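In this document, chain identifiers A, B, C and D correspond to the written order of the chains, with residue numbering beginning at 1 in each.
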Amino acid sequence: MLFLSERKEVVMSREDLLNIVPLFILTSAAILILFSIAIKRNHKVIYVITALSLLADFIFLVTVDTPAKGIIEPLFIFDGFGKFNFGLILITALALTMLSYAYFEQREERKEEYYILLILATLGACTLVISKHFVSLFLGLEILSVSLYSMIAYLRKRKRSDEAGIKYLIMAAFSSAFMLFGMALIYYTTGSMEFGAIASYLAPFSKLPLLMIAGLGFLLIGIGFKLGVVPFHMWIADVYEGAPLPVTSFIATVSKGGIVILLVRFFLQINGHQYTSLVVIFSVVAIASMFIGNLLALQQQNIKRILAYSSISHMGYILVAFLAGGSLGIEAVAFYLVAYFITTVGAFGILTTLSDSQRDAELFDDVRGLFWRRPWTAAIFSAMLLSLAGVPLTAGFVGEFYIVAAGVQGNMWLLVIILVINSAIGLFYYIRIISIMSEKQEAIDRPEVTLKPSVYFISGITIAALVIALFWVGIFPDRLMTLIRFLIFS
Amino acid sequence: MNVIPAEYGLILASVLFTLGLVSLLIRRNIIFMLISVEIMLNAAGIAFIVAGSKWAQPDGQVMFIFILTMAAAEVSVGLALILQMYHQLKTLDSDAANKMKG
Amino acid sequence: MSDLVWLIPGLPFVGAVILIFGGTNLPRRLVPVVGAGSVGLSALMTLFIGFEFLTATPTAQSYQQVVWNWIEASGFSVAFAFHLDVLSLVFIFVITFVGFLIHLYSAEFMASDEGYARFFAYLNLFVGFMLILVMADNLLLMYLGWEGVGLCSYLLIGFWYLDEKNGYAARKAFIITRVGDTAMVIGLFILFKTFGTLNIAGIQEQAPQLWVVGSSQATLIALLLLGGAVGKSAQLPLQTWLPDAMAGPSPVSALIHAATMVTAGVYIIARTHVIFELAPIALFTVGVIGALTLLIAGFSALTQYDLKRVLAYSTISQIGYMFLALGVGAWSSAIFHFMIHAFFKALLFLGAGAVIAAVHHEHDMFKMGGLRKKLPLVYWTFLIGAASLAALPFVTAGFYSKDQILWLSWASEKGNNWLFLAALIGAFITTVYTFRMVFLTFFGEVKTQVTRVPGLAINISLVVLAILSTIGGFIEIPHSMGHVQMVTDFLSPVLPVTSIRPGIESSEWIIQLAAAILSIGGLLLAYFLYMKRPSLHFKIKNSIPHLHSFWLSGWRFDSLYDWLVVRPFVYVANINKNDPFNGPYNGVVRAANFFHRILSFTQSGILRWYLIGVVIGAILILTLGIWL
Amino acid sequence: MAIILPGFIVTLLLGGILSWIVAKQSHLYARWISLLTLLANFIAIIIIWIQNMKSPASGSSWILNFSVAWIPSFGINFHMALDGLSLLLLSLTFFLGILSVLISWKEIQSRVGLYHFCLLWVLAGITGVFLTMDLFLFYFFWEVMLIPMFFLILIWGHENRRYAAFKFFIFTQASGLLMLLSILGLYFVHGGQTGIYSFDYFQLLGTALAPKIGMWLMLGFLVAFIVKLPAVPFHAWLPDAHSEAPTAGSLVLAALMLKTGAYGLLRFIVPLFRDAAMEIAPWAMAIGVLGILYGALLAFSQTNLKRLVAYTSVSHMGFIMLGVFSFNEVAAQGVVMQMMAHGISTGALFILAGMIYERIHTRDIREMGGFWMKMPFMGATALVFTMATWGLPGLGNFVAEFLTLVGVWQVAPMLTILAAIGLVAATAYSLRILQKVFYGSPVVSMELTDLSFRERIIMGALVISIIWLGLFPQPVLNTSIEAVNVMLHPNNKVEASVLPSLKTGDAFSLREKGGSDE
C-alpha cells in the first residue's frame, strides 16, 4: 500500500527536523501568546500574532521543500496526503481566527486565552493528520479535545455554552475511554501500536481475530464519536448550538477533518477493505448517518442545529467515498473536505456577522427577510447553503460529484443511490432557509446588528475570500484536483 | 514459580471498564459521572499495562502515563465547568442540563 | 386565367383579413362591401374559370395548381395544391353564388348588429375554408378546409355570445363533428400507410390495383371516412347537433347549415367514390344511414314548434336523401339534389329569417300566422321554396332531383325495395311537415303584428334563389318526359354513371306517379289538418303524447348521449380534479415528517440518554463485527 | 465563428448581472438591457439560421462546434455544438425570452433588477442545455437553470408559491441526480472499454452496452427527462409550478424548460441507448398516451386558468413521448414541430392568463365571463391559441400532431387511435376556456381595458409565428431533418469534425501507473 514504509533507523535526520518544524511553530506561537498576555492584554495584538503564526506556518509548509515522504519513526509520517491536510487545517484555522476576532471583539469576556486554545486545538488536529502511531494519535486527539472543552464553554455567562461544554466533556472522555481500551486490545493482540506493524500483523488473516474486532470496534466508537456519525451523533446538535459560532465551525471543520484523515490513513494502512465485517459496519454507519442526519434536520427551526444535523449526513457522504476506496475515493475525500470546509466556515461566518453581543444569530427570525435587509449577506449565505446541497457553480457540487464518481467506480450502487435520495431530502431544509430569507418582510424591523468597522472589514474580506474560493473550486476545480492527485501519488 | 496469565489482567481491566460504564449510566450526579469516566480511563490504562507486560515492552506503561496526564487535565477542566454549572443551575443533577434539545 | 384558381378561395380570405384587422374602425358602410364584394368577386372568377375550363380544354379531366409545398418530412409530402374538375366546379359554383346571395341578404339582415364586421369576417372565412375543402387536391388540405368550416360554424352558431346557451350549442356542434373528424383522420393515417400519399388522384389510381372489391381494408377506410361525413352532414348517429345549431343567425343557418357545410359529407363520399365502390358494405351502410336518417328527421320535423328547427330537421332528412343516393351509387343524382337543395333550403332559411325578424324574433310557428298579407314577397318565395322541398310535381326543381333519387334507389343495381320504401315514406312526410310549416306561418288568423318589413337586399336574394329553385330542376329531366341529362353528363368525367337493373326503364313512370301522388297527398293532408280542421292535429298530438315528445326531442338522442358520454366524462374529470397522482408524493413527505418527529424525540437533551445511545451503538457494532 | 456558441451564454449571464446592477438607477434600464441582450442573441441565431439555409453544412449535420478543455483530469471539455435541432430550440428560446421580458414590463414592479437577473440566467441555463455536447457540462447546465427559476417562483410567484417552488426544485433536482449516476456509469463503462475516459457526447456515442447495464443507465437518463417533460405520473410538480409562477416564469417553464426534457429524449436517450430505448418503447408510448388522455381529462375539470393550461401541456407533452419512442422519422419530425408549436401556443395561453390576472387579479375561471365584449382583441388571440391547442389545421400544433400520429400509426395503431381520442378531449377543454372566459355576459363589474400596444405587439408576434408554423412549416422541418435522422440512425463512427481536441482520461492513465487501486 501507499503509506507503508520500509525505513527503520531511529536517528533523526535534518529533513526530519524540517518536516516537524510546522508543529514547533504552532507550539511556540501558543507560548508566545501566553507571554504576551502576561505582559499586556490586547485583543488585537494577540489576534495578529495568532493570524501571523498560522500564516507563517502555512507558508513554511508550502515553500520549504521537504523530501516527498519523510517519516519520523515511529510516530509521524509526512507524506503528500498528510501535508495537504496539514495545510488545509492551517488555512481553515486562519479563516476561523479572522472570524473569531470579529466575533469576540464585541464580547465582554476576556478574549485573549481563546487564541491559545485555538492554536493548541489546531496543533492537535495537525498532529492527527500526520500520526501513524497510537501514541501520536492519542496525543493529538486529546490536545484537540481538551482545548475544545474550554473553547466550547468559553463564554461563561451563557448557560447553553456551559451546558454544551459539560456534555461534550463527559461524552468525549467517555468515547476516549472506549478508544483507549480498543487501542489496548489491539496492542495486546498485535504487540505494536504502529499502524504499519499492525497492518503487517493482520496481513495473513483473511478474517479478523475476535479480540481484534473488539479492539477495532472500540477504536471505531472513539472515532465515530468525534466524527459525529450515527449512532454517536447525539451530542452534535447540542454542542453546535451551545458553542460560540467560531468554535462551532472549528468543531465542524478542523476537528472532524483531522479525524477523517486519520481514519482514511489507518483504514488504508491495515487495508480494511478486505474485511467484510468492517466494510459492512461502515456502510451501515454511513447509511444511517445520511438518513438520520437529514431527517433530523428536516423540520428543525434552529439554523445551528440544522447545520449540525446536516453535518451528520455529510459525514455519511464522506464515508461513502471512503468506502469506495481506490485512489479516486481518497481524492474524493480530500476534495470533499476542502469543499466542505469552505462552505461550512462560510455559512457559520455569515451567522457570525449576523450575531450581536447578546446572542448568536441562529433562529429563523434572525434571517427572515434577510434578502431585502442585507442582500449580499443573504446571497452569500444562500450560495453556501446551495453548496451544502450540492448545487452546481459551487464547490459542494464538485465535491458531491467527486464522491458519486468514486462510488460509481467502486460499484457501490446502493450507497450511491441512498446518497442521491438523501441529497434530495437535504435540499428541502436548505432551500427552506433560503425561502425564509426571501420572505417579503417589510414588517420586521429588528435592531440591526452594529459591529465596529474594523470587525466588518476583517470578517468581510474573510467571507469574500471564502466566496471566491467557493465559486473558483466550483467552476474551475481542475487545479485543485491535479494538486490533490499530485500530492497523493508523489 | 507461577505467573498470572495475561488474560486475567485483561479480564480485570474489562470488569473495571464495565463497572465504570454502568455507574456512568446509572449516576445522575455530574461529579460521580466524571469519576466513573476516570474509572473507565484507568481500566484502559490497566489494559495497556497488561498488554505491555505481555510483549515485555515499555510502551504500555508509557501510554498509561499519558493517560494519567490526560485524565488530570480533563478532570481539572471538567471540575471548572461543573462549578460554573452549579453557579447557574444550583444543582449537580446532569439531567437538569437539558436546555438544548430537539 | 385558370392559373388564378387560387384566387377563388383567396379573395374571401383577403376580405376576412381586412374585416378582422379593420374591425370596428372600418366605416360601417364599407363592411358589407368588403364582405359581400370579395365573395362576389370569387363568384365571378368561378364563372370565368369554369367557362374556360369547360370550353378551352374539353378533353382535360382536371386541372391542378400547386400553390406551395406545405409539409415535406422524410417521405410524407403534402402540397398546398388545388384541384379543379367538374365535381368541384359544381360545389364551387353553389358555394360562391349562394354564398354571395346570402352575404347580400346579411348586409341588410345584420345591419343593426354590433358585431357587423365580425359577422362578415366569419362568413368570409367560412366561404374561404369551404372553397379550400372542395378544391383541395389532397385529403390533408381538404381536412384543413374541413376543420376550418367547422371552426367557422362554431363561431357563427355562438355569434351572439352574450347568451351562454348559444355558446353551449356551438360547443356541442363542434365537439360532435370532431368525433366524426377524428374517425376521418384515422382513415387518413391508414390511407397514408397504404398508399404513401394523401393525394386524391393518386389514391384513386392506386386503389383499384391494390384492392379487390370488398377488401377489408378498403371497407375500413371507407367506414372511417363515412364517420367524418356523418359528423359533418349531421347524419345518424351524429345528427343531434344540427337542430341546436339554429341558435346562430338565420343567414348562417342558410349558408352553413343548409346549403354548403353540411353537404361536405356528400362531397367527400362522392370525391372518394372509388374507395366506396371497392367497399360495397360501406356503400350500403351509407345508403342505410341515409334512409334511416331521412325517416327519423322527417318524423321529428313533424312535431317541431320552432320554425327553424323544422327546417333543420328537414335539412337532415334531405341530406339523408343524398346519402341514400350515394349509397345506391346514384352519384350524380346526389350532387344534383345537393345543388337544388342548396337553392331551396337557403331560400327557406332566408325566408324564415325574414319572418322571424318581422315578428321580432318569435320562433314558434303556432304564435305566428296570417303573414301572407303582411309579407307577400317573403310568402311567395317561401312558398316556392316549400313546394320545391315538398317536390310538388313538374313545376319545382325539387321534384326532379328527388324523383331521380327515388327512382334510382329502386332501380339501381345497388338499390333495393326497402331503401326505396323509406325514400317514398320520407317524401310523403316531407310534404306534410313542409306545408304544416307554410300553413301555420302564413295562413290562419294573424297572431302577431309585423314590425320589420324586409328591404331591397333581402328581397333580391330571395327572388333570385326562388328562381333558381324553380328552373334549376329543368337541367335534368327523366327519360319518361323528355330525358335531359345535363348534370349526369356534366359529371360523367368524374362520377360514373349509375348502372340500372336491366329491363326496368319502362317502369320509371310508375315511380314518378307514386311520388307525385304522395306529395300531392301530403299537401292535402297538411291542408286538412292545419287549415280545415285545426283542432284535429291537437287531438292527434294529445292522443300520442309520448310519441310526440319522443319525436319532438329528436328521438331522445341527446339524453342518450348525455348518459352514455357526457355525464361519465364530466364525472370522471371532476373526481380526478385534484390529481390523485399527488397522493404517493404527499405520502412520502408525510412519512419523512413522521420519522423526523420520532428521531427528534431521541434528541432529549439529557446527557445520560446520549451516553446510553453510544453504548447501544457500541453493542450493535460489536455484535455486527463478531457476527460477520 | 464557433465562439458565438459560448458567446450566447456569456452575453446572457453578463446581461443579467448588468441589469441587476443598473436596476438601482432605474428599473427601465434593467428592462431595456435584458431586452437588448436577448434581441442581440435572437438576431445572431437568426443570421446563423439564414446562412445555414443558404449553404447547409455539407456532410455533417453539425453547423458549429466549439470545444476547449475544462476539467482534463476527468476528461471534461467545455464542448458545445450546434445542429439543426439546437438551432431551432435556441431561436425559440431567445424569441420567447424577448417576450418574457416584454410581458414583465408592467407586471413586475418589485426587485426588478433581481428579477431580470434570474430570468436571463434561466435562459442562459436553457441555452447551455441545448448547446452542450459534454455530458458533465450538460448536467451542469441542467442544474444551473433550476436555481434562478426556483427564485422566480419563490419571490414573484402567487399565493402558494413556496410550496410550488419547493416541489419544482426537489422533483427536478432528485431526478437530475439520478441522471448524474447514469452519466457516470456510462463514463466508466466507456472508459473501461476504450481506455478513453471522457464525458464527450461524440466519444460516448459508440459505447457498446450490455443489455442490463444499458437498461439501467437509460432509465437514469429517462427519469430526469420525463420528470422535466413531464410524463404522467411524474407530472405532479408541473401544475403547481406553472400556476404559481409569475407570467414570464410560466412562459419559460412551459415553453422552454419542458422542451429540455424533450430535447434530452431525442438527443441522448435515442442515440446513446438505442437498444434499451427500443425495449421499453411500448411502455414509454403507453405512458405518452396516458399523459395525453389524463392531461386532457384534468384540464377539463380545472377551475384555475393557469392550472388548466398547465394540464394541457401535460397532454401535449404526451405526443412527444409517443413520437420519440416510435423511432419513426416522420414522428420525430412531428416531435420537433411539437416542441416549437407547443412552445408558442401554450406560452401564449399563459401570457393571456397573466394578462387577465393583471386585470381582474384572479385566475379562477368561475369569476370570469363575457370578456369578449370588453376585450375583443384578447378574445381573438385567445381564440387563435385555443384553436392551436386542439390542433386546428393551418396552425403549428396541427402539423406537429398530425406528423407525430402519422408516424406513430406505422408502428402502433391502437395507441394512435387513443391519442386521436385525446384530440377530441382537447377540443372539449379548449372550448371550455373560450366558453367560460370569453362567452356569456360580463360578470366582472370592473372596467376591463383591451390589450395595450405592448401587449398587441406580443400577441401579434405569437399569432404570426403560430400561423407561420402551421402554413409554412418547411423551413423548420428542413432545418431539423438531418439532425433528427442522425439521431434516429446513429452511424457509430464518430464524426471527426466535431471531436474535441482530446486530452482525456490522463487522470486514470496516471492512476494505472500509480497502480494504487486495489
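Keep this in mind: contacts are C-beta pairs under 8 Å (C-beta built on N, C-alpha and C of every residue); 3 or more make two chains touch, one makes a residue touch a chain.
Computed from a predicted structure; not experimentally measured.
Counting C-beta pairs in contact, the pair that comes out ahead of the other among A-B and A-C is A-B. The mean-CA centres of chain A and chain B are about 26 angstrom from one another, to the nearest whole unit.
Each chain gets one centre point, the mean of its Cα atoms, and the points for chain A and chain C are 79 Å apart. Work out the mean CA point of chain A and of chain D, and you get 42 Å between them. Within chain A, contacts with two or more other chains are made by residues 166-167, 170, 174, 178, 237-238, 300.
Looking at chain B, residues 24, 33, 94, 97-102 sit in touch with two or more other chains. The chain pairs satisfying the stated touch condition come to A-B, A-C, A-D, B-C, C-D.
Within the complex formed with chain D, the chain C residues making contact are 20, 23-24, 68-76, 80, 118, 140, 143-144, 146-148, 151, 154-155, 158, 161-164, 166-168, 171, 174-175, 178-179, 182, 185-186, 188-190, 192-193, 569-570, 572-574, 576-577, 579, 581-582, 584-585. On chain B, the positions that touch chain A within their shared complex are 6, 10, 13-14, 17, 20, 24, 30, 33-34, 37, 40-41, 43-45, 47-48, 50-52, 54-55, 57, 59-60, 62-63, 66-67, 70, 73-74, 77-78, 80-82, 84-85, 88-89, 94, 97-102.
Remark: chain A residues 134-135, 138-139, 142, 146, 149-150, 153, 156, 159-160, 162-167, 169-170, 173-174, 176-178, 180-181, 183-185, 187-188, 191, 193, 237-238, 241-242, 300, 302, 305 touch chain B in the complex.
Those residues of chain A lying in contact with chain C across their complex are 166-167, 170-171, 174-175, 178, 208, 210, 213-214, 216-218, 220-221, 224-225, 230-232, 234-235, 237-238, 276-278, 280-281, 284-285, 292, 295-296, 298-300, 425. Contact residues of chain C toward chain A in the complex are 592-593, 595-597, 599-600, 602-603, 605, 607, 609-611, 613-614, 616-618, 620-622, 624-626, 628.
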